Amino acid sequence: MAFEKYDFTPLTQAIHKALIENVSPLLTLIIEWTIIGVLFLLFIAVFGLLLVYVERKVCAAFQQRLGPMRVGPWGLLQTIADFVKLLMKELITPKSVDKFLYNLAPFIVIIVPFLTISVIPFAPGLQALDFDIGIFFVTAVSSVGVIGVLLAGWASNNKYSLIGGMRSGAQIVSYELSVGMSLITMVILAGTMQISEIVEMQRGGWFLFKGHIPAVIAFFIFVIAGTAETNRGPFDLAEAESELTAGFHTEYSGIKFAFFFLAEYINLFIVSAMATIVFLGGWMPFHFGDWAGFNNVMDFIPGLIWFFMKVFGIIFLIMWFKWTFPRLRIDQILTLEWKYLLPINLFNILLMATMVLLGWHW
Amino acid sequence: MKSTFNYIAEIFKAIWSLLTGMKVTAKYFFTPWNNVTQQYPENRDTLVMFDRFRGEVIMPHDEKNEHKCTGCGICEINCPNGSIEIISKSIVNEEGKKKRIIDQHIYHLAMCTFCNLCIKSCPSDAIVMGQNFEHAYWDRVSMTKVLNRPGSKIMEGVKE
Amino acid sequence: MAEIIEKLITTDEIKTDEYLVNMGPQHPSTHGVLRLLVKLEGEIVHNVEPHIGYIHSGIEKMSEALSYPQIIHLTDRMDYLSAHMNNEAVCLCIEDALQVQVPERVKYIRTIIDELQRLASHQLWWCASGMDLGALTAFFYGLRDREDILDIFEETCGARLTLNYSVPGGVMFDIHPNFQAKVKAFIKKFRKILPEYDKLLTGNIIFQNRTKGVGILSKEDAIAYGVTGPTGRASGFSCDVRKHHPYSAYPYIKFDEKVGTDGDCFMRWKLRMDEMRESLNIIEQLIDNIPEGDYALKMKGVIKLPEGEFYQRVETARGEFGVYIVSDGKKNPYRVKYRSPGFSNLFAINHIAKKWKIADLVAIMATFDLVIPDIDR
Amino acid sequence: MTNEQLIEHLSAAFPDAVVKQGKQYPEITVSKEILHAFMKNLKSDTKLAFDYLVCESGVDYPAFIQVVYHIESTSLQHFLIVKCNTENRETAVLDTVMDIWPTAEFHEREIYDLLGITFNHHTDLRRLFLDDTWGHPLRKDFKDDIHVVER
């Protein structure tokens, strides 16, 4: 494995070495776990707030507005102020809710991004868990979130919430399939499920270009299905504001509401990150054929920045969808999945398999 | 075969229709200098209301602290909401004649619907619509205003 | 007992679980304090019962205590998006009763303001129903373009929403010197923007799927329920008062009455888009030809209508607006009744929303273009 | 049909009813006994074909309450005002026309709410705007010291 210019492996190795030489192995493990946990906690909080701010500014720009401008320069502190407000708000538990499930739901929803984020390689050597079944782990864990949404809808004892929860259930269960299948298409191309290896394989060129037609189709399907899975417009049926007021989180307030809110944005990040890893080469810089000069300039940009540039590109695309399209109806959403995305996907897997067998990709 | 072709054509048509929509929003996204939002309290100095804008009823006074109101009460009659109250008093003028003049022209801003009927009906054009639109107050007492200034008197030559 | 259970199982009404949902009075897509009691089975709407009266303001009762010029400003507050049409209806009714002829200039000015108001109302409808269907950006584009019209109103009429511009015998002020230039500039600008509206929503595949074939109102039902305006015309009910009973300057101009065929949400949508184009045509015909003359007749200080009953109908942005004044010869009307278009339109919703999904109910309400104070009065 | 033809036709068909040319439109006053049959005839008669009830309003007069129907024919483009008086103000009862024009259901609920006329055979006669604590505000003898301020 060739070392990158901006590889984090020496840093992590050095920390590990320093710890293991000074304290017992068990303590080392605990300390490392704590460091990673705290880092992820911080990352999710900061990145969630940042994404909320970005969303507001992007949507404002689409709508010819300015967005938040009052708190801090260019409204930079607005989301922090909002977060402080949410923290201080009273936690209202309506009278006839199922108390245990009602309180459990936000935690289930927020746990999912914590689990998924652990397999994401942010930069060379900056990955918490490197399974050999990384892709499988992501698809498996991300479907747990729907249980939280369903529980929230059911336990709130509110009809709007219930409709929202049920819609969300039907929607996510169907779109899981598309997400999984488009990932499988790429797994066929890569021949492995280990995320670090998938990224490494794209050194010569991103899978989007390597796998040409089937990869492009898979990419589109992944972005559409990913948007649906994160419950974002035009697939935001579960919380369709003009129909269900706020859907499954109607009855939540304060920090519990913030959990739903944060989880939505972190899920957005995870979907974008997965698209980046599988299709756009993760932290791999953009290389163009044998233009050595150009490629060297690209190599000069650190992998971490490459990763986030790509992620934000896809996040922008998904936001662009949300702020342009009207919302679909529940039966149309299911039609789209079962009548269009799924057949195309199955066909696409076949195409990809044929291609890989015949060695048509480059 | 035809149905398969239609199926694929349908997909491409759908994608095309979505892309045209995205083009419209993108056009505005990438031209942020065309934004229409105004930063309101900051632009107070440059914010000019149109001269016919009906913000509140005011009574213009000239530099000698004189107004044109005779206290006839026509505006009070014409007001649909009872937002104008005229309190007049009797005085004796230089010639020794008794005369009724305005004591207080009371205007309840909170009840006003800015219909312009009082201004239209005023025979001596004593009241006009002002352009001030910032009508937020801490209590409702301050929304009751006396339009004629203290110590002011009627302009000479105004027909009674 | 067994019998009852047998009955419960076989009766259609009990077999599936129906539940009631209150849409409103505080609901994002009812555009005001309208409350719909919706009977749902899963997502399927079985019955819609409108409960109104949350902002019933008793305008008819209030009018009985006010003089004729004073009742006009109350009509602003009914259908606030077609304020000038409402004003004009009352003025025309009073002028008709007094048998006075207003100057030609007044007729032209009133018609231009009417059509501008219709444009503003349809713009707001466009953006608000876009928002109901989930396209939030449309909302801001519509409001942005409406701003130009409101500026024109503010300059000429002195107010943006509650214009109170028509008075018996004329209009309150003469048009502002900038009026014609500004209106022309607006028409030029808006003609460029309208195709953009179509690109953003009308042609959009998601939007078409949401609206085509949804909530079909047949022509017979439209007539039976008294559904007028663009909503009724989309069903093929030719009910344009401007065409059938022309008033003000409408007899002098050429325009098409747009009549649809399908009566579904998409037709209602398309018809209003077409009406916006037609309004631009009407304004273009009038704006350069405003005749010289007085902007108002000299009326008596106290207007007294002769004894009798008077009815006047105009076309607002929502449909046929009627004013029925019963006068006993005093300066106050004996009884005023407003036939508001929204009132009749609203109650057709139950008829057409059955068996559609709750999302379709929102689409139907959006394309019905309801203004709640217009319903409650 | 022109207004004159309409008046002629109506006075021939309904000798009991009072037909006259009002200030704008033909007006016909019918007694409350024949109201429903008369209205049904107005709609079913192919020469009249009044299929669109524009407006239904109630007016409170000192001796009786009057209900005024503004009716239009969408196919023949003529307009008619039908008036019908209740017997007195205390027992104000009329027949409903909601089976002829469905839109009347809600106009009649409004009249019931604001003027207190009971409509026979109305399937769903409830108050529309106000709650049950109110009287009937559009009646001239309505007194409400809490909500009404008189100058």
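Brief remarks on what is shown
The chains carry the letters A, B, C and D, assigned in the order they are written, with residues numbered from 1 in each.
Keep in mind that, in the parts below, a residue touches a chain if its C-beta (ideal position, glycine included) is under 8 Å from a C-beta of that chain, and two chains touch if they have at least 3 such contacts.
Here the structure is a predicted model, which means the values were calculated and not measured.
Closest chain to the protein centre (all Cα atoms averaged), using per-chain Cα means: C.
In whole angstrom, the spacing between the mean C-alpha positions of chain B and chain D is 41.
If each chain is reduced to the centroid of its CA atoms, chain A and chain C end up 45 Å from each other.
We define each chain's centre as the mean of its Cα atoms; on that basis chain B and chain C are separated by 25 Å.
We define each chain's centre as the mean of its Cα atoms; on that basis chain A and chain B are separated by 51 Å.
In chain A, the positions touching at least two other chains are 62-65, 323-325. For chain C, the set of residues touching two or more other chains reads 137, 144, 200-201, 204, 206. Residue positions 18, 21, 24-25, 36 of chain B are each in touch with at least two other chains. Arrangement of the chains shown, judged by which pairs touch: an irregular graph that fits none of the line, ring, star or complete shapes.
Contact between chains, as defined at the top, is found for A-B, A-C, B-C, C-D.
On the side of chain A, the complex with chain C involves touching residues 59, 62-65, 159-160, 163, 167, 233-234, 236-237, 240-243, 245, 323-332.
Chain B meets chain C in the complex at residues 13-14, 17-18, 20-21, 23-25, 36, 49-50, 52-54, 78, 80, 113-117, 120-121, 129.
In the complex of the two chains, the chain C residues touching chain B come out as 66, 69-74, 137, 144, 147, 151, 154-159, 162, 164, 167, 172-173, 176, 196, 199-201, 203-206, 208, 301. The touching residues of chain C, when paired with chain A in their complex, are 19, 21, 27-29, 40, 43, 130-137, 139-141, 144, 200-201, 204, 206-207, 209-210, 357-360, 362. Against chain C, in their complex, chain D makes its touches with residues 22-25, 51-55, 57, 59-60, 68, 70, 74, 77, 81, 101-103, 105-107, 110, 114, 128-130, 137-138, 150.
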